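A single structure is presented below for examination.
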Amino acid sequence: MTKGTPSHWITGVSQITPQDIYIRGYAMSELVGSVPFSAITYLLVRGELPTRGQAKMMDVILSSILDYGLQKSGTVAARAVVSVNPVMTAGLGAAVLAAGEYALSPEDTGRFISENFAAWKQSGRPMDEAAASLVEELRSVKRRVPGFGHQVFRGVDPRSERLKAIAKAEGVWGEATEWYEAVHRAFQVASNKPDLVLNDVGMLAAIMVQMGFTPQEMCGLAILSTFPGLIAHISEEMQSGIRNRLIPDTHVEYSVAQRDLATALREAGWV
Amino acid sequence: MTKGTPSHWITGVSQITPQDIYIRGYAMSELVGSVPFSAITYLLVRGELPTRGQAKMMDVILSSILDYGLQKSGTVAARAVVSVNPVMTAGLGAAVLAAGEYALSPEDTGRFISENFAAWKQSGRPMDEAAASLVEELRSVKRRVPGFGHQVFRGVDPRSERLKAIAKAEGVWGEATEWYEAVHRAFQVASNKPDLVLNDVGMLAAIMVQMGFTPQEMCGLAILSTFPGLIAHISEEMQSGIRNRLIPDTHVEYSVAQRDLATALREAGWV
Amino acid sequence: MTKGTPSHWITGVSQITPQDIYIRGYAMSELVGSVPFSAITYLLVRGELPTRGQAKMMDVILSSILDYGLQKSGTVAARAVVSVNPVMTAGLGAAVLAAGEYALSPEDTGRFISENFAAWKQSGRPMDEAAASLVEELRSVKRRVPGFGHQVFRGVDPRSERLKAIAKAEGVWGEATEWYEAVHRAFQVASNKPDLVLNDVGMLAAIMVQMGFTPQEMCGLAILSTFPGLIAHISEEMQSGIRNRLIPDTHVEYSVAQRDLATALREAGWV
Amino acid sequence: MTKGTPSHWITGVSQITPQDIYIRGYAMSELVGSVPFSAITYLLVRGELPTRGQAKMMDVILSSILDYGLQKSGTVAARAVVSVNPVMTAGLGAAVLAAGEYALSPEDTGRFISENFAAWKQSGRPMDEAAASLVEELRSVKRRVPGFGHQVFRGVDPRSERLKAIAKAEGVWGEATEWYEAVHRAFQVASNKPDLVLNDVGMLAAIMVQMGFTPQEMCGLAILSTFPGLIAHISEEMQSGIRNRLIPDTHVEYSVAQRDLATALREAGWV
């Protein structure tokens, strides 16, 4: 099997031996019970055992999205699926697919931060100066900066403040989060919007960049956060006794009128 | 690689060589254009080139379910998914999962027919006598016979009659379909319901048993029948500009009241 | 909207108001940070805030499966998917579907325990006597009891012992787990296999029955346990640069020989 | 329900009435049997009844991809899934997700052609002149033109020629296909590669643009083409008796060594 071919596999995630399962190199029999699930999540995804602080931050990240009930398309999809196919995996499979461009996608914000943070690090320029010129550049091409703004909050988003306080307390605050805040300040100035907040999605993404997660891993962790709620909804749906969820005709407008097939077949040359 | 291990694969579906792709042994470059897609569908699933009659029947089977619009949970799930994640594969993936116990599952009927047909063949008993005793046995344990009955049709289901006529005309009518009709007659007599119809789902399943499809393959073909409609719905949804499909609060009853966390934490021993 | 119709929804999982998101009635802004993710998982799925002990047990349950690396079909499926479609949700969606009859399905064991436990409770019979007659009945119809036996362990499965010790320490040991142990003892006697262990899957399922989870919820929690590992594998695959995972020809046996289409078309009556 | 809200639905795909199901306005009871499945596919996706020629072209499109056996990641994913969860829908769901950036994605080529074709139409410039300047522009930013080139074929790709001949014969050749050929000629000249072929993926996409399909619909049709093969593979896998497909250790390189947890816990400050 040649390295690099589609049938040659390299993995560092885990290895099974007759003695034990090795999770990122650590014996599972020793691991479980020694550290909580959040710490194991960090270990599996990042590859290294977290400090207590990193594990605590991870726990807060996993608790950060949770459930939007029937106001979330993924819940609707999952419950619709199990109303005809009452199987947990089928419902979860559908829900997982309902994360993307318009919801549950911290990876866009994460990608913005991690790419621009890396570029700044390489540039060697002073942080605030580099942030200002990035903002200028983005504004000149009318590109939106993800993670800024909120419908209600002005000046400060209390959720972001709380996340920042935890990150500082747990020792996971650092250059990447500082950089994103610098971009935020530069944006407030350049756009003359001193009240524009750095919102919770932005803060979470910045913290995850600081912790070393890739944008795609952020997407996975966001979905993981919604999993307990999904299990609850799917279970509730299966116990409801309702079958075949559908859209009632009162909510539907049919845009095509009935038409005559015989005429259409003639016109299209079938008869 | 030892035969039978999870990493030893045997397949007869197709093979790629530098010269051509061989579909069930036939060169794809010769196949396409020689016979229609319905015939290739039969070839791929059954392993043999169909006769013209079998291909025609296959075409009717693929055209038999099509689309129930927003009265189908799979459509709702697919459209909900792409309202946040506007990607064709995500929508199709969700829709495919919405086939099972309560919808789009001809395999249950197919399993009933194929198992009992096989048992009868092995028994060597006269058809009507065997059908009568099967019905008696099922009724004694109050087991439902799938494929019988309809909300509106009495005596005859015109859709079944049409399928039967096509099956006879195309030469795919045979012992399995005859057997299922015998079971139907026996059931009408035993239950004293002479008007109980053999419905279209039952007739389709019987014809597919006759053609040699397994119950799981029937499920696959049923989903294939709905695919053009799904593509249409997903495309329509993505072009609609609507984001984040949800259930409006007017349709939701919340069964849990707001409650005080501090009290609950104290009672559960957290503080 | 009439109660019980497919377009009338009842939910107690969560509710969004302009002020806050209410998770099982508790304000999310207060909840996050007060209790760990494992406790929130229990709250969302079971509907009630856990005790510290229940939350600790939940954490152990979430840590109980984790990752089997490339020895698990779900990992293979997920990595194959993202090798052509490098999107986290697509990989997770495929992996979630790879739980069922032959892997990752604690719900079968859970269903066995919860159904028989409920039946015993209703019977009012002494535990050991009822367990003995259940075992006798199962053996007479040659039905397997799930959760017993192991390829290596004899007498005692150390993993089960550890789970039992935690359950006792955390106050989640009770009648359901006692009942399952009674069935185990009765089975050892009736089958004359005093060394047959009660394995970890059985113990986990019994504890989850004791905690009040339904069999389908157990399936969801099992998948949740594997999620961090899945994120890790999918991320690793996307970073590997390998495209189009396939099965090398050295592992494949092609069971259909090339054949002549012209002949086949003639024989099938096409030309 | 206000138009444009996530709970207001507009659809023209189909409508169910007590009398019949109306597919794009036509009564299903009349439709089935009158025209083949390929024609119904066109009707559902495009919204109009095709001519015989369009239906014939549609049939060829549906027959154009079919099956790459175990050389396709989607097949591997689907078979891995059903080796633990032997359910047709689960296998199909996984396979559907294995279409994207690196395989089964005619939508990229389709998007290129349809966008540039639309831009040219609006420009009013002569075709060859516009094609030449588009190519120049693309080459100056080093952007690849999708659909050109092949590992083996030089000058002419016989598969493309065949598709073109069918498109002309069936009356679906037109301005969009002509435009794409002009771009191809301009590219041959500008790159001084007179032997660079217009390949089958490019020709198919151009024909689908000419027929009015959107890029996302092209993706759906490509997956539909692979469905019969997928059903065949999933069925074959479920009948194989193989459980738990995995990657044999001979094909895996483990990149993480076993390491000591106690040390790591101490270093990370856990103990």
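Letters A, B, C and D mark the chains in the order given here, with residues in each chain numbered from 1 onward.
The rule is simple: a contact is a pair of C-beta atoms (placed from the backbone, for glycine too) under 8 Å apart; a residue touches a chain by one contact, two chains touch by 3 or more.
This one's a predicted model, so the numbers in the text were calculated from it and none came from an experiment.
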- chain B and chain A - chains in contact with each: C, D
- Mapping chain C onto chain D via their CA atoms needs a rotation, nearest 5 degrees, of 180
- Distance-maximising chain from chain C - centres being C-alpha averages: D
- In whole angstrom, what separates the CA-based centres of chain C and chain D? 35
- Message: Rounded to a whole Å, what is the gap between the Cα centroids of chain A and chain D?
- Response: 27
- Message: Could you work out how far the Cα centre of chain A sits from that of chain C, in whole Å?
- Response: 24
- Can you list the residues of chain A that touch 2 or more other chains? 1, 6-13, 15, 31, 47, 70-71, 73, 83, 85-87, 89-90, 93, 97, 99-100, 243-247, 251-252
- Make each chain a node and each touching pair an edge, then name the shape: line, ring, star, complete, other. complete
- Per the touch rule, the chain B residues reaching chain A in their complex are 70-74, 76-78, 80-81, 83-87, 90-91, 93-94, 97-104, 243-247, 252
- Which residues, counting only chain C, touch chain A once they are in their complex? 1, 4-16, 21, 23, 28-29, 31-33, 36-38, 40-41, 44-45, 47, 59-60, 62-64, 66-71, 79, 83, 86-90, 92-93, 96-97, 99-100, 107, 159, 162, 166, 214, 216-217, 219-221, 223-224, 227-236, 238-248, 251
- Touching residues (chain side chain C, partner chain B) in the complex: 1, 3, 6-13, 15, 22, 24-27, 30-31, 34-35, 47, 49-52, 73, 85, 87, 89-90, 93, 97, 247, 250-259, 261-262, 264-265, 268-270
